[in-house]
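Look for subunit A in each of the two complexes below; its partner is subunit B in the first and subunit C in the second.
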Partner chain A sequence: MSEWLESAIARGQENQDWLAPKRAQALDVLANTQWPTRKTEAWRYTPLRAVERSSAKALDRESGLTPVAIPNVSAIELVFVNGQFDVLQSAKTLPTGLTVQLGQDLSAEQQAEALRSFSNIKPERHLFGLVNDALAKDVLLVTVAEGIKIAEPLRISSLLSTGAESHTRVLVRLEKGAQLAVIEDVQSQGDSLSTAFVEYDVAADASLEHYRFALQTGSNLTIGGSHFQLSDKSKMHSTIVGFGSELSRLDTDIIHAGEFADAKLNAMYLLDGKELFDLHATVEHAMPNGTTEENVRGIVADRARAVFNGRIHIHRDAQKTLAELNNRNLLMSNKAEINTKPELEIYADDVRCAHGATIAEIDKQALYYLETRGISKSKAQVMLNFGFINELIDLMPNEALAEWVRPIIRERFAQMEVK
Partner chain B sequence: MTEQIDKALAREYEAGFVSDVESETFTPGLDEDVIRRISEMKGEPEWMLEWRLSAFRDWLKMDEPDWALVDYPKIDFQAISYYSAPKSMKDKPKSLDEVDPELLRTYEKLGIPLIEQQMLAGVAVDAVFDSVSVVTTFREKLEEAGVIFCPISEAIHKHPDLVKKYLGSVVPKKDNYYAALNCAVFTDGSFVYIPKGTRCPMELSTYFRINEQNTGQFERTLIIADEGSHVSYLEGCTAPQRDENQLHAAVVELVALDDAEIKYSTVQNWYPGDEEGKGGIYNFVTKRGVCHTNAKISWTQVETGSAVTWKYPSCVLKGDNSIGEFYSVALTRGRQQADTGTKMIHLGKNTKSTIISKGISAGKSNNSYRGLVRMNPGAEGARNFTQCDSLLIGDQCGAHTFPYVESRNPSAIVEHEATTSKVSDEQMFLCQQRGLDPEKAVSMIVNGFCKEVFKELPMEFAVEAGKLLEISLEGSVG
Partner chain C sequence: MSNLLTIKDLHASVEEKNIIKGLNLEVKPGEVHAIMGPNGAGKSTMGYVLSGRDGYSVESGSVTLDGADLLDMETEERARAGLFLAFQYPVEIPGVSNLEFLKAAVDAQREARGEEAVTSAEFLKEAKAACKQVNLPVSFLKRGVNEGFSGGEKKRNELMQMLLLKPKLCILDETDSGLDIDALQVVAEGVNSQRSAERSFIVVTHYQRLLDYIKPDFVHVLSDGKIVKSGDASLAHELEAQGYAWLQTEPAEDELEG
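And then the complex of A and B:
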């Protein structure tokens, strides 16, 4: 067992609030959990030495940290600073049908109710999900009432000052027929360690638009998860944009718990320097007639390392499922590394499932073509890389958000070329 | 004829390892003494014993692998007898009348001649003589070409330098739990050496190797193809073979030196157990080949038997321009479980690998492809193409794909694709409309599904493999 985990368990035991019963369960499991090694399948390519070495610690809320502005997107802001909910920076008035509550502010009755749905969607297998169970204090509960469509996106930002450790947790519930878009992002100043988990309970006929931006780089250890449970005829469309950092690990789980649910996931990772980015995407088809489409693309330059694990699990009852996963990677340097593992586990016969994975370098012919048109090699590379990723950006339902992220990505490619 | 028989028998005697062991079967259990006795029985030199013992010591420290998607009761390694002498004539069934009629029906469908049926069923007859004479002619032809093809126990005596140099060079003693166990207790197996620039004049087959009545559950095979040579090796046969041992942990090592080519084909149809999966064979095999410059190793396997299969024939593409291939058909039915696939480790420049895997699951079985493609930093311009297709027949079975793809060289290209589907209603309708009964239709569709792999098999094997699938699938439709 690692010292870091021991200290996390000790700190978790000190937390005595309304979440105590769930926390006790998580601590129980954690106490019997082995610290991952190279032989631990879920951490095979992602060493956790950086976590063990981390000197990040719980800090008080610091003033002066504000979420990065996104032009032309007027979001309903929910802000955490160093793991604590920042009421001042968060939205004061909310549209009708949307409620946001802090766990500790609920009545005893409401807390008992919330406790029942807390941590039911996030699978127990994630070590840091359990750590988050044990250490998250300000737990937010977001609900969209039945049939309500919220026009502005909800933005959940977690801000960290240098050397801070934070554990944030949000539970989002879309009632029957509700519609909501959520943007999740973590922004840290360096040497930080964060776990940020959001659980989404999407009721029948509801529709969720989801974005997760992991754009902080450098010496930050960012671990997190977005976990979705889909009921009958519900829909989700998720976009994940990840830059690597010293350690960046993201888990998404999509559970088809109802029939005729539809899930789309477009994820991309763009890594440079000595960054590491690890994306684990799991889709559980537990009920029939579900559809899943996943497109994951990566560009890995310099000495960076990318890890992708895409698992599709079709349960015995999930007949008539259509599930597809496509993972394409470009390797930019001979010091960079890509480890991908698309998995299919299928127990129903009347299904159509496919996955594909490729790793290659930039198309030499396309590069040559652009060069013959007088475009410098480095510019041509940026263009081709951008085109490769932009195909997924184009699929983002929120155009203003796409407009915001495009130049950020372009800038990243330009930097890759400078070296 | 008699002369030839005598000659063959004399050869056995020469090798000196089939001494008076008829009554000898070890009491169950495994310790260093048991290994010493095995080594002694075989009259092995000291270095071989030391090698076995050191493997055993490593094995004691290792853990049984648990990552495969297979489920079986824990094996008690102390409850197994690690040496049993060939069954004496009087213990064997006296005639085919005493043999399980189900087995005979299968032989009939496969069109196996009576004499071979008797041999396969282990009937105590003298009719094997016919094949002994065949063997002898084969041996003469091979000797002429300079090819060494003999039991590995014989090679340890006659060709110690080759054995010392290559045994354990591809699959190290500590490679994995079952390989270590095999190193410690292996009883026999094949040894093949093809000299420089030689094209082996015939396909080598375990089927024709004399002295193989009881190679036991821990078989060891070592094939060395010297520079510029070529060999095709066939292992197993389509007919279900009688076998008393439940646990099989074989090791196969292939060495393809510069410009050499080895083609290794396997048809495995061991007893899969009864309806409930009881009593079937556990097949935990380690197969690996190393390719030097411009060399090629091609694995082709048709796996239809065994209760549990744990098998990953692999290629280490060490030399520049070397080629690795893996063609596999794995069919599971009843309660069979197969976790099989390959590893392609690209080390050299311009190395190429192709993986075609076809999994067919029926009944209540589970069939997994597990593979690794690794492009090391030195694998400049390397190329891999992988295709894994699964076919599901019935709604109680499972088909799984676990491919690991790792690349550390930008100029290497890796492509992996996998699909899973069932035999579609449209396909069935089309066939039945043209007068085929459902069973024939499924067998035709499955054969089409596996065509890419079957075409890699030597011709007569391919025909048999097709038939084998058809028989295996009987009763799975409806």
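And then the complex of A and C:
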């Protein structure tokens, strides 16, 4: 076991708040968990040395950190600073039908209820999910009441100052027929370590629009998860944008726990320098007639490394499932690396399931041709290769959000060098 | 009159193999020079070296364009300085429309010269006129760059770019290859329409045929990486009659192309 994990367990044991029963379970599992090595399948390409070496520590909530402004998006803001909920920066009035509560503010009865939802959707196998169970303190509970449609997106920002360690946890519940858009966003100043996990319980006929931005680069260690449970005829549409950092790891789980549920997941990553980005996306089709469409696309430059593991598990009873998984990558240099692994496990006999993964290199001949016409190399590479990323940006349901992130992504790509 | 292009004792290699071995050439504004020679003489390599293609390294010598050190510039800077290379095998680029490509090239060059950008509407008008001049249907502006174009259409597309970019020095790399006589005439007429006192051409060709339509001021024979004979337009006819056997050099391996 690593010193870092030992210290995390010790810190988890100190905390005796309302979450103690769940925390004890997590600590039990953690105490019996091997610290991952290269032989641990889930961490095979993502070494955790950076976590072991990290000197990030719990810091007080620092004033002056504010969520980055997104033009033309008026979101309902929920803000964590260094892992602590920041009431002052968070929305004071909420639209009818939307409730946001801190776990410690609930009645004993409500807490007992909340405990039943905590770690109910997030699978136990995620090591840092367990760490988050043990160390998260300000747990937020977000509920959209039955049939209510919330027009403005809810934005959950986790802000970290330099050297901070933070563990944030949010439980989102959409009751029957409810609609909500959620933006998850971690912003770190450097040398930070964060785990940010959100569980989504999407009831029958409800519809969730989801965005997760992991745009912090450099020496930030960013680990997180978004875990979705879908019910009868519920819908979700998720967009993930990841830039790499010293360690950036995201686990997503989409669980079809009802029939006729529909899930779309579009993820894109753009990595430069020595960055690492690791996306493990799992889809569980436990019930019949579900559909899943997953598009994961990335550009990897310099000595950066991308890891994508896409698992689709179609259970015996999940007949008439339609599932597609596609992963496309562009390598900008011969030292860049992509480890991609689509995994299909199909136990039902009447399903349609397709997967594919491709890795392309930049077309130097086309690049040269454009340059001979006076077009700069950076502009040329955007013209030639931004299309397949742009297609996913075009699919973002929130146009204002797409227009905000598009130039950020394009600029990052334009700065990458062909080697 | 000062030279537009001056190449002095240029030595260049590809993958550590010397291809250009002491090339000297002077081109004055408005002149048309033809460079002829057998396969493997270094004709295409010369164009790639002058345009600054990756993998083509200059070992020694100098090249100036309008007095500026061409070898010191990036490929796109050379283009902005007025160099245009019409390719023997233009690249197909699916996913980038011809119009987007042409506009990006013109914008980049105008910006580099400190000129105002043209509006999309204005540019479309110019591009349509250029299409017409090289006998390409206007619908080609919407298609991917060279995507699915025939050999002749690709060459005409190269010519269209030249019309829009208005370079000072055009290098036409075997522009006649793969063209039937009608296409050849269209291309030649396009080139001739662009001849002016300010614009020079280097016409690289294996055959004399193109030079019946584009009359050169000078003809040079390139062999084994250097110019071994120069003369006026009549030299091309001599070569046509004699072939290249008199050079008495073993044709080297095929030139690296494309």
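In the analysis below, the second predicted complex is superposed on the first by the 401 of 419 C-alpha atoms of A that agree within 3 Å, B and C clash if a C-alpha of one lies under 4 Å from a C-alpha of the other, contacts with A are read in each partner's own complex, and residues count from 1 in each chain.
Assume a contact is a pair of C-beta atoms (placed from the backbone, for glycine too) under 8 Å apart; a residue touches a chain by one contact, two chains touch by 3 or more.
It should be emphasised that the depicted structure is a prediction, and the values quoted were computed from it without experimental measurement.
Peer 1: After superposition on the shared chain, which partner residues are touched by A:G273: those of subunit B (first), subunit C (second), both, or neither?
Peer 2: neither
Peer 1: Applying the touch criterion given at the start, work out whether A:I338 contacts subunit B, subunit C, both or neither, answering first, second, both or neither.
Peer 2: First partner only.
Peer 1: Of the two partners subunit B and subunit C, which one touches more residues belonging to subunit A?
Peer 2: Between subunit B and subunit C, the winner on subunit A residue contacts is B.
Peer 1: I'd like to know which partner A:P288 touches here: subunit B for first, subunit C for second, both or neither.
Peer 2: neither
Peer 1: For A:A366, decide between first (touching subunit B), second (touching subunit C), both and neither.
Peer 2: second
Peer 1: Kindly classify A:G356 by the partners it touches after superposition: subunit B alone (first), subunit C alone (second), both, or neither?
Peer 2: A:G356: touches subunit B, not subunit C.
Peer 1: Which partner chains sit in contact with A:G374 here, subunit B, subunit C, both or neither? Use first/second/both/neither.
Peer 2: After superposition on chain A, A:G374 lies in contact with subunit C alone.
Peer 1: So, does A:L384 touch the first partner subunit B, the second partner subunit C, both, or neither?
Peer 2: After superposing on A, A:L384 lies in contact with subunit C but is clear of subunit B.
Peer 1: Counting contacts the way the document defines them, which residues of subunit A are shared by the two interfaces, the one with subunit B and the one with subunit C?
Peer 2: The overlap between the subunit B and subunit C interfaces on subunit A is empty, containing no residue.
Peer 1: What residues on subunit B touch subunit A, complex-wise?
Peer 2: Subunit B residues touching subunit A: 67, 69, 375, 377, 390, 392-422.
Peer 1: What does subunit C use to touch subunit A in their complex?
Peer 2: Answer in residue numbers: 51, 53-54, 74-76, 78-80, 84-85, 87, 90-91, 93, 95-96, 100-101, 104-105, 108-109, 112, 145, 161, 165, 258.
Peer 1: For a test of understanding, state which residues of subunit A touch subunit B in their complex under the given definition.
Peer 2: The touching residues are 41, 316, 319, 329, 331-361.
Peer 1: Can you check the complex and tell me which residues of subunit A touch subunit C?
Peer 2: 363-366, 368-377, 379-380, 383-384, 387
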